[in-house]
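Look for subunit A in each of the two complexes below; its partner is subunit B in the first and subunit C in the second.
Right after this comes the complex of A and B.
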């Protein structure tokens, strides 16, 4: 049974999750006075109320966008972590447009999201260009850019967009025309969810049914592919960076217009970095990323509910996340059982 | 606009450069050893953060800074062993594994901080110990040099010693030669009987130890408590310095000091009326610019050799 690649992958996933949960439980035993209640809240509370389950989907939207943006880069072997800074800065772009008066409530969010996406794409082109042209290490440049974009964004918000009615880092309230409508009553799930589904379908099509997607996948398997195929690696890297930045930009904009009334991130929101986890868990596959985002959102929502009524802080979820990600992205985890099953199968077929 | 020369050509500025370069240089030395063995240790940042946390907490628990330091180093070794296990045994991509460990460290330290102190911001209430400052006899009385080099935290002097020690390790010992051999061509190294995985493990553990020293400096020297994400990208700046040093320890050290100087400059300028949001980006802009310039040089070299 383990010889089947798909079944083996599923078993591997299951084993990683189980291992992570066991470890989490052990930690809970050590730090909590009521480990059993905390554990069951963490695992099952999102299912107990419709509104809680809504929270899972609400959180899944930005995590998916960040994951899709990062997965596209990882898939092309570009270890760029710039989605974090793009999320922050495009949030400010969003705030700048969403606070303007505009008569049309259909066009206002669309324009805001598109401009934010284009801004994200252009920002991503900076490390993208240096990577494509000079092989500049994109991991370092993108991380430095996160800090630079944060400082720059903070400056813009403080000196140009600062709210007139509240103090602290905040923009004015977004215009009601810019807000995304709620599509499922009883929750806060907004129309950004529909945009996400469309993006996943488009990305899937692009990756598996177009020439660009083929180049991305082949370059991911072998970094020299682009060079030897005579394909222009320069433009490939630029295109991938732009699409990734665009996804980050619209993800940030959608999150703000769907879930917030004003821009008020005083620190980097951490959503972009989580995108790296989604990409790894989802094996850089668009559908995989969304499933991973759902799973992580489920766990985070559960932990959040748990943290509110127990003595355990929400950050405990980092243990689950790290353990699952490390085991899922390891090629040799449980592989000997897979190989043993393969050999056995081969033997019986020959006989 | 403040006079830049006035800021830079003061002995106090030299003192500040040394003060801020410590975490960067430790990280750079660690990254240098790991990359010499052919593995990028991206988990540097997370290892530092973990050590910063463990060091200050243990020093509070045992009321002894040296025990805190030891625990911090142990945590660095542990982080490296986790990375080693996943990259060498389970064949996780080392960059992905490093990213996962960094994310883990940044929230796990907050988790533990809350468990220990009940706060998610800093450990300032704990009354942790810091490592002592040292006045160097004779040197401290020499006018300019004394101001720059004396009166630092003990980890500053350990850092200078570490540069020398790493130099001897990498250039004068068989182990250093083996580390470099594995990094250059592991199949060739294997063919002469070098145990690749053992060498890589040693290199990663050494880099974890160095990272943890840089991390513990943050919470037990630079500041006297742990605060959330206090390493703030210094591990990555160290990685950049190591990459630009191009396998030469003196270049790694000089580059680290260059980045430290920009960090110190940002600190000095923050006292003036410039918008602090822009000032805090100076060190990152410097690293960004430096690594771009470096890669353009590399690119021109490759082109001159006809490789591109």
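Right after this comes the complex of A and C.
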């Protein structure tokens, strides 16, 4: 039964989650006075109230955007972790536009989001260009870019966008015209969710049904093969970086316009790095990324609620996430069973 | 009573991707014999040997060595127990001397701490003399010829007191003359009590050297025979179930060869001060197959990789008909009518993880018949893929199967199908049948000849002498980056004679060589 690769992957995923939960429960037994209640709150509380479930979707939106941006890079086998810096910096771009007065409340968010996206794309082109032209390691440049963007962003906030009504790192309040409307009453789920769905569909079709997507996938699977086939890695790397940066930029903008009243990230928000986690768990597939983002959001929301009403700190969720990542990324986990199943079945088509 | 040094019983090996490399194989090896394991590439010989050597582990079955069941966790344990292996690809450090390479990991020490270089040299010299190897152990390995490197590899196993020596396709990189020397050495080892496991798919060599022969087919053993009890024809039949056609002449239709389809002028390449290619010029006419023969590593790789645009030359121009290709991108070269079957199909020829269909369209994925305005035309792709799969009888479950689920021969058919489907003017085929089964090999040869009959120019590079001689119309020989011989026809040529050119022992005059271009 484990012989089929897809089924095997699903079983592996399920086993990883199960093991992670068992381990979490053991930890809860050690640290909590009411482990059972904490555990069930963590697992089931998001389902108990409509508002809680809304929290899951709200959190899932930025995680998905970060995940999509990173997954596209990973697909092309570009190990770029720059989404973090782009998320932060495009938040500042968003703040700069969203605090301006504008008459039209339909156009205001659209323009803000688009400009943030383009800014994100242009920023991503920097490590993209160095990678394409000089074969500079994009991991190094993108991580350096994160620090640079953070420093630059902080400067801009402090000197140009600093709030007049509050102290600390913050911009002025966004204009009400710029805010994204809530689309599901009783929650804070905003129209950014619809944008996300559209982006996933577009990205899916782009990846699996266009020439660009084909060359992205072939380059990611085997760069030598892509070169041999006549594909132009230079333009491809630039294009992919731009699209990825664009996704990061609009994701950041949507998060701010949907969930915040002003820009107030005093440190890197961490969403970009979580995006790498989404990409990995979702196997760099657009739909997979969204599912992974949902699962992680669900866990995080659950632990949040648990932390509020029990003696267990919210950080417990990191244990679950870490264990899941470890098992899923492990090549050897369950491999023995897989092989044994193959032997029983007598091998696949190639005898 | 039992003189078997090594016994394999019921060995089955399944890789985690579901590929069955060996199925229920039982073989025993006697002490002091030369035992050949033959089979087509992909028949599971190498995997079997890797299991003996501890690199791979059997899924089922047991290995008994010197009367005891063994489970080598890795090759270190196999080596400790007296099993040595010489791999197809040498595992040595080029910047070390011969002596240093031989003692690597088991160096004689001074005061138990410091390396004793003098002692290393003395020991390795002695070792070389004892086994009739004539070599200077103080030379750096990187400067040695391939055959000498192989000797170093063999000495390495002997230094580690190998009683059983596994040689995986040792003759693939050797000229006929060098092969003879190797065989003399092997016979000498046998007299000294070593057991030799000789892996090959060249039957005449197997016949010449073995005491006993085990034939493998499709991961299974087809039996072990005394050399005298089996003929080459019988071996072939066991391996493939039919006889091989040795000449393709009857399939070649007359072509007028009027057009000079592909012309290469004065290619030079200098890498780190070494002249890799020197004044290489030749031409291929539409409707003929020009073979390039030569021992591997004499500049063929660099020549082809530069011509197709994967790397650069220092000087030189090349043309398709009258269009200069020299500074075009790979995509433009392909547009101009260049197709290329690469030597390393897993590295350049396919993308693992992609489907058979996706691998069948890469060279022309922008073409109109498989693209709509925005989206690729999946229907068109599938129709095309299925047509190619049928035309080339690629054995696959469907066009959507992952390419790596296919056997080596079928993967190569995918590459050949794709490249011939680009309607090229010049097809460069680099080792097009290396490492695949004889059935696919024959099929691919026929395809090449079909292309030739349709007035395509074909440049065939191969280290397999039989291949270039069977398929080519004309032939050039490369040695140390130069064309050293040109033959208008392959008729009447012997592999002995070619071997002399390939080794650099003989060289034609400039006039004859120049005819490679003007012919």
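The rule we apply is simple: the second predicted complex is superposed on the first by the 346 of 351 C-alpha atoms of A that agree within 3 Å, B and C clash if a C-alpha of one lies under 4 Å from a C-alpha of the other, contacts with A are read in each partner's own complex, and residues count from 1 in each chain.
The rule is simple: a residue touches a chain if its C-beta (ideal position, glycine included) is under 8 Å from a C-beta of that chain, and two chains touch if they have at least 3 such contacts.
All figures in this text were calculated on a predicted structure; none of them were measured in a lab.
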Contacts of A:222 with subunit B and subunit C, given as first, second, both or neither: second
Contacts of A:232 with subunit B and subunit C, given as first, second, both or neither: second
Touching partner for A:313 - first (subunit B), second (subunit C), both, neither: first
Subunit B versus subunit C as contact partner of A:247, first or second or both or neither: neither
First (subunit B), second (subunit C), both or neither touched by A:338: second
Comparing the two partners subunit B and subunit C, which touches a greater set of residues in subunit A: B
Touched partner set for A:205, first subunit B, second subunit C, both or neither: second
Intersection of the subunit A residues that touch subunit B with those that touch subunit C: none
Residue numbers on subunit C that touch subunit A, as the complex places them: 12, 14, 16-20, 23, 59-60, 218-219, 308, 310, 329-331, 333-334, 340, 342, 347-354, 358, 362-363, 365-366, 371, 374-376, 378, 396-397, 401, 405-407
Residue numbers on subunit B that touch subunit A, as the complex places them: 42, 82, 86, 89-93, 95-97, 99-101, 103-104, 106-108, 110-111, 114-115, 120, 232-233, 236, 239-240, 243, 275, 277-278, 280-281, 284-285, 287-288, 291-292, 295-296, 298-299
Residues of subunit A touching subunit B in the complex: 31, 74, 79, 81, 130, 133-137, 139-141, 143-145, 147-148, 150-152, 154-155, 158-159, 273-274, 276-277, 280, 313, 315-319, 321-322, 325-327, 329-333
Subunit C contact footprint on subunit A (complex, rising order): 3, 205, 209-211, 214-215, 217-218, 221-222, 224-232, 335, 338-339, 342-343, 346-351
